[in-house]
Amino acid sequence: MSNLSSSKYRGYEADRSKYPEMKNGKAVIDLDSHKYTKIWQGPQHPGVTGNMSVELIVNGDEIVWAKTHVGYLHRAFEKLMERRKYIQCFPLVCRICVPEPDTNEYCVSAAMEDLAGITVPEKAQWLRTLNLEMSRIGSYLMWLGGQAGSLGMGAIAQWTVGMRDFWLDLFEEMTGGRVYHMYMIPGGVRKDLPDGFKERARDLIIRTRRLLSDVENTFISNALVKSRLQGLGIITPEMVDEFGIVGPNARAAGRGYDIRINNPYVKYDELDVKMITSTVGDAYARAQLRYNDLHQSLDLVSEILDRMPEEGAIQAEMPNLVNWKIPPGQTYVKAESTRGEHGFYMVSDGSEKPRRVFARGASYTHAISVLEKLAVNISISDLAGLMVSLHTCPPEIER
Amino acid sequence: MEQLIKKIKGMVHLRAYGKQRDDLHFVTVDKAQLEMILAHLKNYEGFTHLAFLQAVDLLEEGKFRLIYMLYNYSTNVNLGVNVLIDRDNAEMNSIHKLWAHGWQYQRELHELFGIDFPDSPRVHESFVLEGWEEMPPMRRDFDTLEYSNRTFYQRPGRSTNDPAEYMKEKIYKNYPAAPVIRRDNE
Amino acid sequence: MKLKDVLSPLRVWERAAQKPWTIKDPINDRPGADNYRGFHKNDFSKCIGCGTCEEICQNDAIDIVPVEGQETVDGDSGLRPMIDYGRCCWCALCVDVCPTGSLTMSNDYTWIADDPEDYRFVPGADKTKWQDSTVGYTRSPDIQILDYNRVDMLEIKPEDRDKSFIEIVKGYNKEQAIKEAERCIQCGLCTATCPAHMDIPGYIAAIRDDDLDQALRILYETNPMPEICGRICTHKCETACALHNNGDPLAIRWLKRYIADQIPADKYQEILGTAHLVDEQLNRKVAVIGAGPAGVSAAYYLAIMGYKTKIYEALPASGGMARYGIPEYRLPYDQIDKDVEYLKTLGVEIQYNTRIGEDITLEELHREYDAVFAGTGLHLGRSTRVPGSDHSRVYFATDMLREVTLGNEIDVAENIVVIGGGNVAMDITRTLARLQNQKYGKVQVLATCLEAEEVMPADLEEIVEAREENAVIEPAWGPKEIEIKNGKITGLHVSKCLSVFDEDGRFNPRFDEEQKKFFKADMIVESIGQGMDLSYLTEEIKAELKMTPRGRIEVNDKFQSNLKWLFVGGDIIEGPDVIHGIANGYVAARGIDSYLNSK
Amino acid sequence: MSNKHIDEIENQMKLANESLPEKECSLFADDRPTTVGAFNKYYEGFLNWARSRSLWMLAFGTGCGATELRPLMTSRYDMSRYGIAPRPTPRQASVFVVGGYASIKTIKRIIRSYEQMQGPKYVIALGSCTINGGMYYDSYNTINRLDYYIPVDVYIAGCMPRPEALIAGFNRLKEKIRAGECEGMNEYVEKFDWYKKNQKQIIKDWNMPDYNW
């Protein structure tokens, strides 16, 4: 509630007399005073990012108190994995995040490989990199649609989500699945690229860039977007450590933390990934940063396609995966998803099943601690925009 | 990293140290010294990022292992700080004052493992469950399949066969079973 | 706010005239990709019903059910997967794991139903609109879920072994055995094929868990000769192994040997719980004729069931054909002794050098004992009856192998031809090769048989190893005449054999008389089959005993002849095969038990 | 609403509004839902034809399956041409697309949203999870069979079903509506007690009225 005292709200000096009194640093909100209304945004609400909800207390149209409720998508993945063999975990984990399932697949396969001491062959590493980077593109396109849609620009959402569908077509060719790819099997990947894939992918990159130039015109440099997103949900550099903010949200606040650069995995150490940062920290800076990151992903995909080895094994020499036992140990494997640090902590006890698996999603703090802090003092009409600008994804919170 | 481990050794009772990768290390410390070492790591050693706080149920040993995964932005190293706590009446000191999102993990652990964190804000609030009446579900002794069969209706009409048993039934039904060894005392 | 920012969104109007993306008819215009993981198909001609798909399915979506028209035969359980689309997640692990590659996926993905009960189906049996689809996800040859590569067995190199009779195969060590055992998918198809119906998945799982005591207990449930079986079993189970469809079958035989090799004989009683057997309480006595696999097996199970058992053996040592028909480099004699010594500790007596019919008659046994089991084996040779085969330098393989085992001197010639392509022929070929090597320092032995190389009855590894030891193998030749000059054999005339069996499957070889060859030899060994010696049956018994048209003793499913007290088993019933002998002995022992209990 | 009336209903129906605070009781329906009969054959036929051509779908992404609803709305698949449009609130919607697995917390909201929808209303269930639990069959927090909690008209197989399959599912729903076979709403009323029993068996925290108006 500390924000209440800083009365500056996007150049508009609000009348604070109707705001809650502060007592011992806590706001006193008396619902019976009829000054406040309690409303729920979600779970059945078009303005929330997925199946979650935010409990709000508003004063007029300004939010004075917010609380995130999650658990609508809790499927107990971690519990289920404890009673599944290692190989059986692999189809399960991609369901943790729908727009970007491949990061989960990579992390869980890499964690098993790390614990079992398996080295993935070169070609499979490149294919994994391609898959991960393509999934980032898909996720960013979805996000772009969401951010535009949250500001009422449904047409942009139509374009970008439509364009994502073409990327899903590529995924379908490559992996056999449209949304859930189940591609990165422990030890490698499941299939090589089909014939003519590279040409079609390059063609799609060109089409995506053409679309992005439209998005640039209609969204990034749109006066309306600027006026609504600038100054919204400012993340200060101090907050980054305090709240454990990661990914584009942290980079927009000046923290140069991109796992692809800091702790390179698969083939990112051989690729030219640039750290894109900003120092403004508001929703517009985050939007711009993601837009630039999307461009970088397109660059990376075409670079990966150029450097993709023609020949090579796609799976390491593996034991019988049905009876696969992994020696005892614990590990933490992380990867950069579009939302930030996405990691899997895995403990093995030498048996056929993992002892404990924990999926760390970037939204875990973004959608709860950070959102509850940033939502206060903004207009209720901006809440959807704020949630999308934090790129929250509820399934990775509750798993 | 060796220097840091030496330093930690000098400060607290270091129960175990393990290196998984160049950028991932694990240390195990005592419960009482945890807060101190976390504060030191955060304030002086650059481990400013708390990636997660989680628990592993060591049912056989009657313990929970808590893991505080820290990250250092300047050296790009992850350090997992392990601490063992008793499984019965599990309780741990809260770290919400060190990291503002610490309470979230503590709320989750309270709900899913039944570990209490006194003083942690909102720790008794429900997180993902609603109206849960059983034991905390992430504990090893909670059988999720049994609960699911008991609570949700499985669609009937499924039955399976063991190929070996089925073939025995079909091909060599009359083959005698292994004889009982007739011992003196029986 | 800049004016440019206000106007820039309007630039998008330049796209207004572009062709839209819309798909005209989404339901029909969009088949899944060639690699799409759509609905399942199953090729019944390949499927063996091993249930590995059920095993790997993390959603418990697959049941293995009987399907009309699918018979249960060796290596095919006759069960087929039924998939519940109320569970499936289309991960295609079942497709990737399928050892036969029968389970695949089509690229069809539309299935609408009003009734949720409809979503269970047996791909391949139930009519589906995608069953003839040619595209869709299939198992990639580049990845392995199952491990199709057998752990290499250490063998002594040909140059180190071709002069001596030391054992060639070294056996697995612990690490190798566990690694090999981990390849097993526990389908259990092998159990039905094994004549003794051993619980193969059970003891392999025990090896995997490194619980060898349990493994030994499982072995002894139906097979009391693991050392012998672990070396020379014909391992029909490995042919039925599901992994055999896409790679090396599991080394079931070597794993069995590993279990027995690891446990010293003096621990057997303790592990198997046979230390305190009932001592003559039953007061029933059983005689066993022949200390071969069938006899030993029968005696073992009779002993643990509490019968006083005595074995009569004509030769000076136990093992029967396993000792006297199989060379030492395949089955060292001390391993036979290990199995038999354990039997002796259970109180079974063995009387050697006692031939029934000469030293003691069958009637005497009948009088003295409550039941008799005869497992006398096939010790006689068979002749090709080609001209010249009555020459004194033409031998039978069985006789010669016996002589070698007995330690008698063999007059090995410089050039030898062996007629026959079975395992016995390979045994004698390789034995003679060793003897030649010892005597002359070179090998000039040639084996020839009617069958073409691909269908030679001998095990492939036997043929390969024989060639490694410099023996020559000439398949698909039929012996015509043994050339004798001045009373000495000079060689064998053969002509090309085109086929061995006629259309009806009867033995009726066809030859191409144009293609001829002459193999030089001064000694010839015939190894074209073995005959039984039933001379111990007296005339009275023979008159009463029912025989089959092929000249074998007729027995019921308990191996009981029409003389109720006489049980017969082993090679003389089933033909030459150690595991059949063991199985016969086991069943006969149970049969004797029930016969004596009902008497 | 008078207290007397509430007492009467309590005696008759035992609706669970009694568990609500008194001041909230009057906010919710305190009456049992009733079945709706058909009009005469020709008029009903016309109505069904009309209903089948304007399916307004409730935009409630209950699970993974909702992801494929998003491309369906774009111009690539263009569901508007099939007469399908997303609506933000249950009051305006006639089709409820349950997108796969439903956790306990979500099934409670699904029931509430379903009851709030105006009749005639239809339910399409997506994916394995709604049929027999799918890959979460052993999870403690997801239901296995959706038809135990709300009536379902059409099932679409897949994990998750593709947009094309969704369109095929909507087409099947249209056929059913035109044929007058979509009686899910009346079925819910007829087996109301059975549905409520099933619902209450899994939703332990039943802090909502038995029937939402």
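First chain written, first letter: the chains are A, B, C and D, and each begins at residue 1.
Assume a contact is a pair of C-beta atoms (placed from the backbone, for glycine too) under 8 Å apart; a residue touches a chain by one contact, two chains touch by 3 or more.
Nothing here was measured: the structure is a model prediction, and the numbers come from that model.
Colleague: Can you identify the chain nearest the overall CA centroid, using each chain's own CA centroid?
Modeller: B
Colleague: Tell me which has more C-beta contacts between its two chains, A-B or B-D.
Modeller: Greater number of contacting C-beta pairs: A-B.
Colleague: If you average the Cα atoms of subunit A and of subunit B to get two centres, how far apart are those centres in Å?
Modeller: Those two chain centres are 25 Å apart.
Colleague: Which whole number of Å gives the spacing of the CA centres of subunit B and subunit D?
Modeller: Inter-chain centre distance comes to 38 Å.
Colleague: Indicate the whole-number Å distance between the mean C-alpha point of subunit B and the mean C-alpha point of subunit C.
Modeller: Their C-alpha centroids are separated by 47 Å.
Colleague: Taking each chain's centre as the mean of its CA atoms, how far is subunit C from subunit D in angstrom?
Modeller: 60
Colleague: Give the residues of subunit B touching no fewer than two other chains, as numbers and ranges.
Modeller: 128-130, 137, 142, 144-145, 155
Colleague: Which subunit A residues reach two or more other chains?
Modeller: Residues 71, 74, 76, 79-80, 83, 91-92, 162, 180 of subunit A touch two or more partner chains.
Colleague: Residues of subunit C that touch two or more other chains: which are they?
Modeller: Each of 21, 58, 84, 86, 89-90, 116 in subunit C touches at least two other chains.
Colleague: Based on the touch definition given at the start, go ahead and assign the chain network to line, ring, star, complete or other.
Modeller: complete
Colleague: Please output the residues of subunit B touching subunit D within their complex, sorted ascending.
Modeller: Spelled out, the residues of subunit B in touch with subunit D are 128-134, 137, 142, 144-145, 147-148, 151-155.
Colleague: How about subunit A: which of its residues touch subunit C in the complex?
Modeller: 84-85, 87-92, 162, 169, 172-177, 180, 182, 185, 187-192, 194, 214, 217-218, 221-224, 226-227, 313-315, 318-323, 325
Colleague: What part of subunit B is in contact with subunit C in the complex they form?
Modeller: It comes out as residues 155, 157-168, 170-172, 174-176, 178-185.
Colleague: Would you mind writing out the residues of subunit B in touch with subunit A in their complex?
Modeller: It comes out as residues 20-21, 23-24, 26, 48-52, 54, 56-57, 67, 69, 73, 76, 78, 80, 99-101, 103-104, 126-130, 137-138, 140, 142, 144-145.
Colleague: Once bound in the complex, which stretches of subunit C touch subunit A?
Modeller: 1-2, 4-6, 8-9, 11-12, 15, 21, 32-37, 52, 55-56, 58, 89-93, 96-97, 105, 137, 140, 142-147, 179, 182-185, 208
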